[in-house]
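Just below sit the structures, each encoded as structure tokens.
Both of the next two complexes hold subunit A, though its partner changes from subunit B to subunit C.
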Partner chain A sequence: MTKKLFSLLAILIVAAMVLGACAPAATPTAAPVEPTAVPTEAPPEPTEVPTEVPPEPTEPPATEPPATEPPAVFKACQVTDTGGIDDKSFNATAWKGVEEAMAEFGIEGKYLESQQQTDYEKNLKAFVDEGCNIIITVGFLLGDATAAASTTYPDMMFSIVDYAYDPVLPNVLGQVFTTDEAAFLAGYAAAGMTKTGKVATFGGIQIPTVTVFMDGFALGVQYYNQQKGTAVEVLGWDPATQTGSFTGNFESKEDGRTLGLSFIDEGADIIMPVAGPVGEGTAAAVKERGNAWVIGVDADWYETVPDYKDIVLTSVLKNMNITTKGAIQAAMEGTFAGGVIVGTLENGGVGLAPFHDADSLVPAELKAELETIAAEIIAGNIPTSP
Partner chain B sequence: MTTTTTTPTVKREIKVASPTRQRVMGIIFLVIGFGIWFLFSRDVEAGTYTKFGMTTGGQVASIPDLTVPTLATLNILAVVCGVLGVVQLVRKDGFGKYTNLVLGGVVAAFVISFLTWAAAGKSINFAGLLNTTLLKAVPLTLGALSGILCERAGVVNIAIEGMMLMGAMVASLFASVSGSLWIGLAAGVAAGALLGLIHGVLSIKYKTDQIISGTAINIFSIGMTSYISSKFLQVYQLQLNNPGTFQPYAIPVLSKIPFFGGILFDQNMFVYAMFLLLALLQFGLFKTRWGLRMRSVGEYPRAADTLGINVFRTRYISVLLGSMVAGFAGAYFSIGSVGGFDEVMTAGRGFISLAAMIFGNWIPVGAFGGSLLFGFADSLASKLAILGVQIPSELLLMTPYIVTMIVLAGVVGRARTPAADGVPYEKESL
Partner chain C sequence: MTNEKSNPKEGPPKQSASEIFLEEISKPPPKQRSRWRGIGQAIAIPALAVFTGLLLGAVFIVLTSESFYAAWSISPIAGLKEAWDIVVTAYSALFVGAIGSPKEIISAIINLDPEALREALYPLTESLVAATPYIFGGLSVALGFRVGLFNIGAEGQIFMGAIFAAFVGYSITGLPALIHIPLTFLAGALGGAFWGFIPGWLKAKTGAHEVINTIMLNYIAFRLSDYLLTGPMQRPDSFNPVSPTIMDSAKLTRFFDDPIRLHLGFIIALGMAWLVWWFLFKTEWGFYLRSVGANLHAARYAGMNVPLAIILGMTLAGALAGMAGGNEVLGVNYNLAMAFSSGYGFDSIAIALMGKSHPLGVVLAALLFGALRNGATSMMLATGIPIDIISIVQAFVLVFVAAPAIIRTIYRLKPPPEGEEGIMVSSWGGD
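Entry: the complex of A and B
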């Protein structure tokens, strides 16, 4: 009896562990707004560079494969975060950049998915051995692994999304984004479109990469009020005191729904959720109540969440594909250098998605103003962060 | 039969409160009255108004919104609490058996004062607050009912979280593929039952430690659902994870009741089902033969066995029913609230519902009260953030858990676990 029981339990637990391991780790997957570069977090890595390089240079793999069989085609290889290539967020968007480069420059593109954080190093090494020309790593969480690989393989070119090293590593190009610029436009558009005079935003967890959206949004609304003498209110975020509404997680769509209902109850008719899949719960609430809009973040929700396309006013875009393609192009043309490439409104790294179905409802005047403001932000005449 | 008749009398005896308790209550009323004045009244300028919204967004107003002068309201509430305190202290025996009722009223007065103060010069949607409270309480109550069904029969079920998660995933998958929400719902309930069967076999037949079996099911469910979700549901989003949701259905006549009609009777099927299950279980557990047998198996299985009740069968049935309710609660997340499954979307609600069950002393109605309390604290915290009260978000998010902890700590002395809860039954031991 006990034997049977133990074997049954053992099978159950082993199955649970295996399946648990296969599945991507919960938080990073769900994390919607992937941490943009926080320069101050990097220092420990670069300082190790001088000490770690000397013992290694004898290691051949980095230089040998290209020497023995020079690759006929340029290879761009992407290592994803645990979210996987189809995460509808930064992994997918960065891969879109690789695909665009493949189509445009005729290069070869490959990717490896990291199922868990311990895969990062393994996947990076696999691509080095395979003779990739540039390796794109995606996400803040790959920061350490990428830094380590860049010192081990000093001849390899790397580019990492959402991370910037300080001081810069000579063979790593960080990609960071001024999301607040695009969120500012979204705030301005929301202020121009609201009928109730109240708009709202909330976040998943109060971290800088989330609040940068909320800051931009709130300042955009404030700017509209200044220009037009209106008094549109922003619920859920106060950029001056940095306090506001958060669900406390990036998982519970149910929380997104109830919070969305609360905002609508308080009179908000445009809501920008900065909380990944939680935001889909808010979209469900908006659809349930009607007469309101959501503003998507990261990708164009009109395309990625087609269920709710009739209530998506616009989206704040973070175009990792453009910066990724830029990095690949630089590597091909030999102009690649370590440092940081910043996705801005100016270079299209961030932007406001089209209004799609809502287009006919947006006054032409507002659209024109948005264009002027975008130009002003690019010129540096309007501050978009507090 | 004797057990049912004696229990109420014992309870009545407890309610005859000691003079000390009555005095303490009086002092509490006074302190709350003073607190309202000290914390809130002094902070408010005369001439400000607080507006309470009485209709949830998107509904036709049944009664007009209530606008009250902030300072006057606070002062009146403070004075009322104070007077109640004085009466409680001065009058012999205080409010007697109504003391708890008065305590409830005083606490409510404090909460209302808090809201009045927090929304001074602004508006707060009171109906919306109650509405989200109810919505948040739905999965918690269902989870707690699941726990009660299992534990009243003597089987601890901490796998509610895992069963919910599995129910949510399976419901979304089947509803998307079949195109029918009802089929999805049935599949979700069946998924819960399947996990319940595993739990039952392990803990009833093989007498394993029920905590370990439950934990294994939780880990298994998280792994399994996350795996299927990332490999299939997210990849073929439109075909496999696009179920839609049950739409709200306004019950004729009842939904027209001013104020409460819109909150209670214009909801989707899950809310009505929760009330129905709640009533059924409350009645079944304490007024039917089935309930008596089930409770006897959970209290003293040997005696039940001697009287010819099949302990094993009763426990299997209870665990299966409980697991089905947990699967049903899970379906709420994916097809009752938002359309679609997402990894670990239940976010620990299964464990909170266990707390609600304990808070409610393994009584359905009590568990509902516990769920409402948690839901209210949760809704209130998010309302405060929306109102722009300057409290760090991390602290606000803690509120519902702290409230649950305080209440559990305060009540746990009275909570009485079914005597044979978690103890495997061995027929003819030795």
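Entry: the complex of A and C
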């Protein structure tokens, strides 16, 4: 019967495909594409022809192999958490750091996205097998897996974004950020810019890396009230009792929109959503109603969320790209050591983004005050966390 | 159709019961089909669906590759060659990532090098590890289908299973593994069963549709786990939503040394598949459940306890899904963290459909999905093709399995005799 024939044919096709796919596996897939162009500085000038073995000149370039061997390119590899590489949050920002390192140092960068918790260990192992030089992991979700991998592979260098170990691990560099310092400035700016006397913030899930933004923001508003004798109100977060509004997730833009609308209805005209992509929904709500601003978090939303750039007042920057690039650079230069690196207002690890289009609306006096306050925070004269 | 309904006078003349009966018995008896042909028939559609899905996945891979466009602008032939190369590279990486490199396996066996063998077999075992929650989840949804229930709540039941298992896993100390492992695993099953019982009971007692209720219970389970992980179940020395690590005595036994993570859960999953098959097809209760699934009214007329069957069906389905959650916590992750699952329960619906709600089919479909998921990592590493392409392949496979007419049209297969295609859900919209 033809039916039988077709099922046989189907099996044959599948088998042929599987076998066909199997055969060329032996050929090296990792073809070096462009890095051959990179080592322009390799051949030392005095010698006429780069002879391989005897290094007559006592100069250091013994590490630069001639073209006979494929050059061992430094590899920086990033494992994302379940948010994925395009989360417009820490995964994306850390990857930006890897990309910057790729452009600047001519290294190779790779990333693997984790779909679920079981992938963390697997992806870490895949990168070790791949011959990565440093592995960047992102977020507390990878905390346990990174610690386990650092013990299993003691010679590998790791750096984990937004997490630190106590006691420190010898081959893991934790990157943490005093985000409250930058959020404090945002809160002060918001208090100075509000027309309704009400500003708002909300979070994704009540975890320290989220609430630290909200603490700083609320304290910045309080500080403004103290200085100016105003009574600007913060909706959505009370730093004293550590209670406030949360969407309960980092995914639903609809939740962000709903919460944004309700804050606007309550009279807020500046909202800082600390919930990753959820904030885009809030931006949509603000755009819908008008006469209000959003304050971005993590990255400069004026650039990363261009659809809403006309309503972005400013952004609280958490420059994980800078610390990530720094970790890669240290690994390349051999100065890498386990421990903790803290991104602060002082070293540029956190900061307040420019006002961009809103710049002309912000009074020069407020800008000057922000600069003074930033200096005071760096000097340690203003507390930014409760 | 609508005309006939709205205006019955113009429709075909009504048949009396005796006429229908006469017509039925005068039909020629269905041809006795050989067992092997039946199996071939059952496998042909899914196999062709997978093949077509991979083919369409290849189209996506090519169309999203910049190097293809670059080569195409030189000449169409160069473009086609480039397209071929891209697909072969990607799918061979997928294959090696899912099964392992045959060359490495053989050389490791010849050299009797246990460490090399572990490395060579690692991809294959990882595929089995990835397939394990899919087996449990697929069985859960398949069991529901057999009782005529659409269990969309597997994901929530998985979360409940994981919560229960994690709690028993870390909070009870001092037990020997021989007791602690079964205890925690059963706790996981209990958590899922509890979460399956609720919509089952609501359906049986009030007629509330299980689709709506299981979807809603999913959200409750997600938020409950968020709450527990930021409160009562949070690791004491941590501010992050991660539970404490479970006791060593609760960890499911692993069969090999690192890096192989294959664990007892896989064997339990296979055992469960057998048990579900035995229960459904060899026991009286299984017959009741299937009867309710086939025709609820007939079952009621035959004097079966339909509400009880619905409650039992949902509870057992929940228990199986709960085992999926417990399995992940006890076998692989060793703790419960936020977002530990990204849709095992929803993928399980696809697996149950693909496996035609038969335990054996579910196991095979789960192995395939596990292998695809696992191989995708290697594919991404070798070619930079995002893992999401696998979701696209899965989606295509599901479409083709759910709508076999497409596959039959493409490959000119004959439709099966009437009554061969089982109805999955009878309760949808009706009753």
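Convention: the second predicted complex is superposed on the first by the 313 of 386 C-alpha atoms of A that agree within 3 Å, B and C clash if a C-alpha of one lies under 4 Å from a C-alpha of the other, contacts with A are read in each partner's own complex, and residues count from 1 in each chain.
As a working rule, a residue touches a chain if its C-beta (ideal position, glycine included) is under 8 Å from a C-beta of that chain, and two chains touch if they have at least 3 such contacts.
Owing to the predicted nature of the structure, the values given are computational and were not obtained by experimental measurement.
J.: Check whether A:112 is in contact with subunit B, with subunit C, with both or with neither, and answer first, second, both or neither.
T.: second
J.: Taking the superposition on A as described, I'd like to know which of subunit B and subunit C A:141 touches: first, second, both or neither.
T.: second
J.: Does subunit B (first) or subunit C (second) touch A:259, or do both, or does neither?
T.: After superposing on A, A:259 lies in contact with subunit B but is clear of subunit C.
J.: For A:206, is the partner it touches subunit B (first), subunit C (second), both, or none of the two (neither)?
T.: So A:206 meets both subunit B and subunit C here.
J.: If you stack the two complexes on chain A, which partner ends up touching A:291: first (subunit B), second (subunit C), both, or neither?
T.: In the superposed model, A:291 contacts subunit B only, not subunit C.
J.: Examine A:248 and indicate which partner it touches, taking first as subunit B and second as subunit C; both and neither are also allowed.
T.: A:248 sits against subunit B and subunit C alike.
J.: For A:277, decide between first (touching subunit B), second (touching subunit C), both and neither.
T.: first
J.: Decide which partner touches more residues of subunit A, taking subunit B and subunit C as the two options.
T.: The partner that reaches more residues of subunit A in the superposed model: B.
J.: Thinking of the overlay built on chain A, is A:347 touched by subunit B (first), by subunit C (second), by both, or by neither?
T.: Neither partner.
J.: When the two structures are overlaid on chain A, which partner does A:230 contact: first (subunit B), second (subunit C), both, or neither?
T.: Touch partners of A:230: none, neither subunit B nor subunit C.
J.: Enumerate the residues of subunit A that count as touching subunit B in its complex and touching subunit C in the other.
T.: On subunit A, the overlap between the subunit B and subunit C contacts is residues 2, 4, 13, 17-18, 20-24, 26, 29-30, 206, 248-249.
J.: Which residues, counting only subunit A, touch subunit C once they are in their complex?
T.: On the subunit A side, the touching residues are 2-4, 6-7, 10-11, 13-14, 17-18, 20-26, 29-30, 81-82, 110, 112-113, 115-119, 121-123, 125-127, 130, 140-141, 143-144, 152, 205-208, 248-249.
J.: Where on subunit B does subunit A make contact in their complex?
T.: My answer: residues 53, 56-58, 123-125, 127-129, 131-132, 135-136, 139, 198, 202, 206, 208, 212-213, 216-217, 219-220, 222-224, 226-227, 229-231, 234-235, 238, 242, 245, 247-248, 333, 337-340, 342-347, 349, 379, 382-383, 385-386, 388, 390-394, 397.
J.: Contact residues on subunit A for subunit B in the complex?
T.: 1-2, 4-5, 8-9, 12-13, 15-24, 26, 29-30, 84, 86-88, 200, 202, 206, 235-236, 238, 241, 243-246, 248-249, 251-259, 261-267, 277, 280-281, 284, 288-291, 306-307
J.: Taking the complex as given, what residues does subunit C use to touch subunit A?
T.: Touching subunit A: residues 37, 40-41, 43-44, 47-48, 50-51, 54, 88-89, 91-96, 101-103, 126, 129-130, 222-223, 226, 230, 239-242, 245, 258-259, 261, 328, 332-335, 337-344, 373-374, 377-378, 380-384, 386-387, 411-414 of subunit C.
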